[in-house]
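For reference, the structures are reproduced in the following blocks.
Below, subunit A partners subunit B and then partners subunit C, in two separate complexes.
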Partner chain A sequence: MSMTSRAGRFPIPICPASLGSRRFPTLGEFVFATAQYESGDWDSAPLVPSNLIDSVARYTSLPVAPTGAIVSLASDDLFRFPLVFLTGHLPVRFTDGERANVRRFADRGGMLFVDDHNHDIDGAFHKTAIEELSRAVGPLSQLPNTHSIYTAFFKFPDGPPNTSHELNGWGDNLVHSHLLATMRGDRIAVLYSNKDYSSEWGYHPDNKRFLAVDNTKFGVNIIVYALTR
Partner chain B sequence: MRPLERVNRTRRALAVTIVTRAALGAAAATLLAAALLTAVTRAAGLATSAAVWLVASLAGAIALALLMRPWRRLTVPRVALWIEERAPVLQYALVTAVDSLAVGPGAVFLEREVERLSWDRAARAAMIRGLRWPVLATAAGLAALLLAMRVDAAAIIEHDRATPRVITAGARDVAAPFARLTATVRPPAYAGGDAVRVESPVSIEALVGSMIILEAAGNGEGVVARAGEQSISVQAGGGAWRVTLTVGSRPTLLRLRHGSVERIVAVEPRPDSTPVVRLLLPARDTVVRTARGELRLSAEAHDDIGLTSAAFEYIVSSGEGESFKFKSGTLGTRHVDSGRELAVDAMLGLGALGLEPGDMVHLRAVARDGNTVSGPGVGASETRVLRVARAGEYDSIAVDGAPPPDTDKSLISQRMLILLTEAVEKRRPTLTRETLLSESRNIARDQTRLRKRVGDIIFQRLGNNPTGEEGRNPDEAPASDSAAPVADSAARDSVRRAKARAGRSPREIAAADSADSARAALLRAASAATGRGDEILDFEGDETPVVAINRPLLEAYNAMWEASRELDQGQTGRALPPMRRALAAIQRARQAERVYLRGKAPAVVVDLARVRLTGKENGAASTRVPRAPTDPAAARRAERLAAAIELAARSPAAAIDSLVLLRVESVDAAPRLAAALADVLAAMRTGRDATSLLARARRVADGSVRASGHLGLWSGVW
Partner chain C sequence: MHSRAERLRRIAEHGARVVAMVALAALLWRAIRPPVASGVDVARGDLRSTLERWTVAPAPEMRVTLDAAPDPRTRDWLRALSRSGGLVRWSSSRPIAAAAVAAEPAAEPNGVTRVRLASAAGEPVSVADDAGALDTLPRGGPAELELAVVAGAVHASAATFNATTDARDSIVLRPVLVLGAAGWDSKFTIAALEERGWRVASRVRVAPNIDVTQGPLGTIDTSSYAAVVVLDSTGASSSAEIARYARTGGGVILVGSSARISGFGAIAPGKVSARVAGVAGAIASAAPRTGLGGFPVASPGADAVLLEWRDGVAMIAARRVDAGRVMQVGYDESWRWRMAGGDDGAAAHREWWSHLVAAVAYAPLVPRNSGVTAVDETPLASLVDALGPATPTNDRLARRTDGRRVTWILFTLTVVSLLGDWTSRRLRGAR
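Up next, the complex of A and B:
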């Protein structure tokens, strides 16, 4: 598995990797990027990147950077990353620059993974994020549970795995059976989740050893899907 | 010439004039009617057809019939009278002369008088005057008709010059079905506006939702129309055929085919733009110390077609961390029927929003257009945020507290524990007693961990040690806690405390007593709150607020304890009811107040090599290489060298002598040592630092490490 297919669509420059938010991907190295946007608490899930990086390193041979990056949605740096993670609790209101960049990002082969940290279908994040994403990239529709993202690496025959927050009745007290997505052709451009993976995956990767079943495996699927489609 | 003959001559001239005038009048009526009908049909978006000319001809025939009515009055007396009117000098002599009753001697006189006078000039002028208006009317009709049809003429020329054709047969086929193709574009009702007619269209740009009618003369037989992959029906009637389609959101290629001739018309949709909204006031994000007064809001909106409403939207978000509450609303809504520009103003009363410190108000303006086809289009402005400062935010650097991360996220939820227990209960008939106990106790341990976490939360709220619950390891054997904790277990506690006091210092014993008293207070409160104690507290009176808030969690705590006890005994069926009670209690606690078990965490750098098991394992023994047994002579040389080095610190000269002696003896047996000693002596004699040289000489004297292809027996522990 390599990133050559993705690199073909994304002009990834060769530049020295640096730590922190200015980390850019070197050629062939995957850097997990968290989206920074003007409104809301974009940094509400600080442990998710490291946890997913740990899972990618644990299960795959993908070259991966040991730390994530933070990228502004309004910045051209956004186009350096094939997959960008966006989360938060508060209302999402894109600026014009952010909206235009998200549209270009989706059109040019990027994948935006949006997760509602409230796990609340009637919450402000959900309503505003759906509205903003619809304006930026088009309407979101239910992603069938037979989609290839559920078999991109691990097999999830029942669709998106449930989170403990869903099973405990947090948020809207619903178990969401589907994810939402906006497609570009047969490719997912925006993947939207109400399942609160931000909470489910928000723990130190060292604690993964306590889990009977690693609950971040679906995150690996998302990353592998984004890098190979 | 006699008067009667002269009158008849004039009568014939008048007959010609009447016919000419009638013909011209009929032509004028026909042309004017044709021009009028052509203009009307085109204004209605219909094609010009033979019906127009039929109606025009009818009008001409009517005009002809009307204008020929004087023919019947063309008798000699009437003509004579008509002449008398034009030539008054006749003084009725002509009328009398042509009268058949006028005979006798007077008739001759009258004929002479009439012969003396001439009316030809006057009659000719009158007849010319009578033809003037029909000629003008005919010219006007012709001009009007040409004016009405001038677009057709221009279109024919333009079509011949510019229309791309897909011709696979002779050029004669092209003109037949599509030569005079016209398109009528009707915009959607909400957009208003008139229908637009396009002659011989190559491409049509129209608003999404518009209706396009393509029309051409003929019966449409053999014409096939397709829009993209979709077939469109061809309708015929009134001497023309037509194709109707609605403009969608994507460009469409309309193909009209007749035999080997194909005509392509591109339909380009023009989307209705969403309104552009600009929030003028407030101009920027704001932080206020206290939420008082009113905030003026102002915005303007613009749309390409027409706006229907505009308003301000606000969302108030309260809370922090993982717990937020929201409320939203609109204000200043303004509705209009249409109009491309709309301004909206409003006043936002901050006091009415009930803002607390830390709350944020998200403000924006929203406008909607009247798009009923694909809309309405909703445009929104940038969002401004007004934040109410928290207490203590001023005069200091705002640093959010970052409690240590909650590292124990491996707790299985109560709902999951129930599912696991139900699964074991379902398989119970097929399990051996040992297997059942093993699986049941595994669940019991998870139940105990969860109970302990709930206890921690309660202790945290009580203000005691977060780990104030008894520090029992949840993984240890559960035999000692099989009894209910909230029962009056003073005796058991005293025994346990006595055991715990053994070997402790007084300070440790005091600390333990304090923790025990806190625990006892908690358990008493739990017992009372859940109705399992000796008395039930009055929630209106005696119960403390802390207990009141924690009541559901206390119930869950007790139910979990009971469940774990049953599970320890392998009684999965009896464990399920208290587990469900615990879940219900947690649900109530959740509804009362959201509790999230996580704080801010520091950035984590993943050790990729360690995760992938490719890094260096610290602290692990590596494979060792055994050394060869030491030569006794070499050992003696090493001892002598060590003694000389030790002597060098006290007596350098004596050390030099010893080293010289050692070197001489080593020349044959140990040449490398001799060479190393030569370097040492050279350095010492010149007063240079010989430490490194001495170390090198000692390594040589000790002998080099010899590599081995296999491990010695001593290292074969693996």
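Up next, the complex of A and C:
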């Protein structure tokens, strides 16, 4: 099964097990939620949820829902999922309702993890997402590589792990040494990545066995950080 | 030879002169006599001058009629008179309202002073500190205020009393230890407490033998922690230590089903019932906790105090365990209140958690010298303690023993007698 993104450029496989339905968390269970927004291609990385769910189940004892959820940024359901993943390639323009909800979500302690699927600082997603996020929750700044998110579970002493897309020269041909973040107090409210983890983690979990080092470990750190800090 | 009428007239004139002389003599005697009282003496008018008089010459029974609870100085003066041999009784010209006011540091990190006030309902009470008015209770009754800053003493005043108190103590507040599994409840409980200013140490279980920790982690005792919050079954490994901590004065909060841990059986306020769901949509209502699910407190112990009920079941209960306090909170997903509650959901969730911890926290008092000396926290009770209960007013006795009334009677008698004598003599032509 596949579908085409709104830009028509990327054939997107849909995995019913990961993005097939809205799902509300049951008691004490972590549900990986992907943000749906009006503009752009919110559903450009459909395999990331199932891959990270697999990693969380593999490395931790957290009760985790076997399937992810899709939640509209403009919906009150957003507040059922304190960690939400947002990605895309295309320009991002929040509606007024989405912007207000994202602001409220951040103020209440939610964490939005945004990944630029283009890996391109001149790309449309990066420019518009940064602008929209700044309007909604305040300016983003570099997150120090000594931040506790890099030691929340696995240790990343050099900061965010590089992706194969950075190293092979795709996108902006840069290796981004830092992630960006907007803070609320000493907690991350918005974590922004130019590193294209959406592509890096966008594969079927069974294929981890072909990797020398599991490249989703930093995803586990993001989830553990969100659940503990 | 005088007629019979003329003789009677002269006798009457003599009589009037004698009466005037006797009245004048009595007045003179009353003016110059040594201040010796006898019988019952009732104070009227200026109480201070009466007290001065009673101090020099106490009557066997001294009575005061008050229209308000006296200030501590007057009360102590009356007490001293009663202890020095005289019988001091008091009554009131109108009902004096019972009142009490107390100020103490709240066991919360924001340094607020909690003022608790109780007065008879009906009479307006104004609350102030030395810097000015703070609040007014239009009908009195019980009230509790949290003051961020208190300037000097706190006063609660009404028509019949003026109570004064002082926050005499400070507190030592140590960190709170939060134990739980990684999850939204752990995250948002820690966040709520930290955002209210608590120092939080936490041990959050992520995987077997892997915990995410923060803050000072060590032996669980009252020298290390003000309270311990157990969010789930991950606290089982420390249950014996936590139970011992509670018995030695520590505060423990058992959340959700954590009270089922066998090690907490002896300290938990009750058993744990089957989980009940929250009311759909209620989390953003005026009663947000009705939207939360949880494990009600079942079979509460005889010494347990049920603090919150919902639909006929207890959701929060507490009890004292030796020197410590243990609270059982049935709600197990309070984070939903913070995320999905109304506009004040996050703040209310924060405040709720802080109040829960403050209610059980071990917070040793440290005396401080505030410089306030005139403390009178319970004016009426202190008056009763000093002089005994009020004696009903006895106006007849008061009239009988009123010194000023006697003076006026003697003076009037003198004037009338002299005027009568003078008028009679002038009418008959004598000088």
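One rule holds for everything that comes next: the second predicted complex is superposed on the first by the 209 of 229 C-alpha atoms of A that agree within 3 Å, B and C clash if a C-alpha of one lies under 4 Å from a C-alpha of the other, contacts with A are read in each partner's own complex, and residues count from 1 in each chain.
Quick note on the criterion: a contact is a pair of C-beta atoms (placed from the backbone, for glycine too) under 8 Å apart; a residue touches a chain by one contact, two chains touch by 3 or more.
Bear in mind the structure is a predicted one, so any value in this text is a computation, not a measurement.
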Partner chain in contact with A:F30 - subunit B first, subunit C second, else both or neither: second
Larger contact residue set on subunit A - subunit B or subunit C: B
Partner chain(s) touched by A:S75 [first = subunit B, second = subunit C, both, neither]: neither
Touching partner for A:N168 - first (subunit B), second (subunit C), both, neither: first
Contacts of A:Q142 with subunit B and subunit C, given as first, second, both or neither: neither
Which superposed partner A:A57 touches (first subunit B, second subunit C, both, neither): first
Partner chain(s) touched by A:D96 [first = subunit B, second = subunit C, both, neither]: first
Touching residues on subunit A, where the partner in the complex is subunit B: 39, 44, 46-47, 50, 53-54, 57-58, 64, 66-67, 89-91, 93, 95-96, 117-118, 123-124, 128, 164, 167-170, 199, 202-207, 210-211
Residues on subunit C engaged by subunit A in the complex (per definition of touch): 181-188, 190-191, 194-195, 202, 204-208, 210, 212, 214, 232, 275, 293, 332-333, 335-336, 338-340, 345-346
Complex contacts: residues of subunit A adjacent to subunit C: 27-28, 30, 59-63, 76, 79-80, 82, 105, 107-110, 152-153, 185, 187, 224, 226-229
Residues of subunit B that touch subunit A when the two form their complex: 315, 317, 322, 324, 326, 328, 360, 362, 364, 382-383, 385, 405-410, 412-416, 586-587, 590, 594, 596, 598, 600-601, 603-608, 611-612
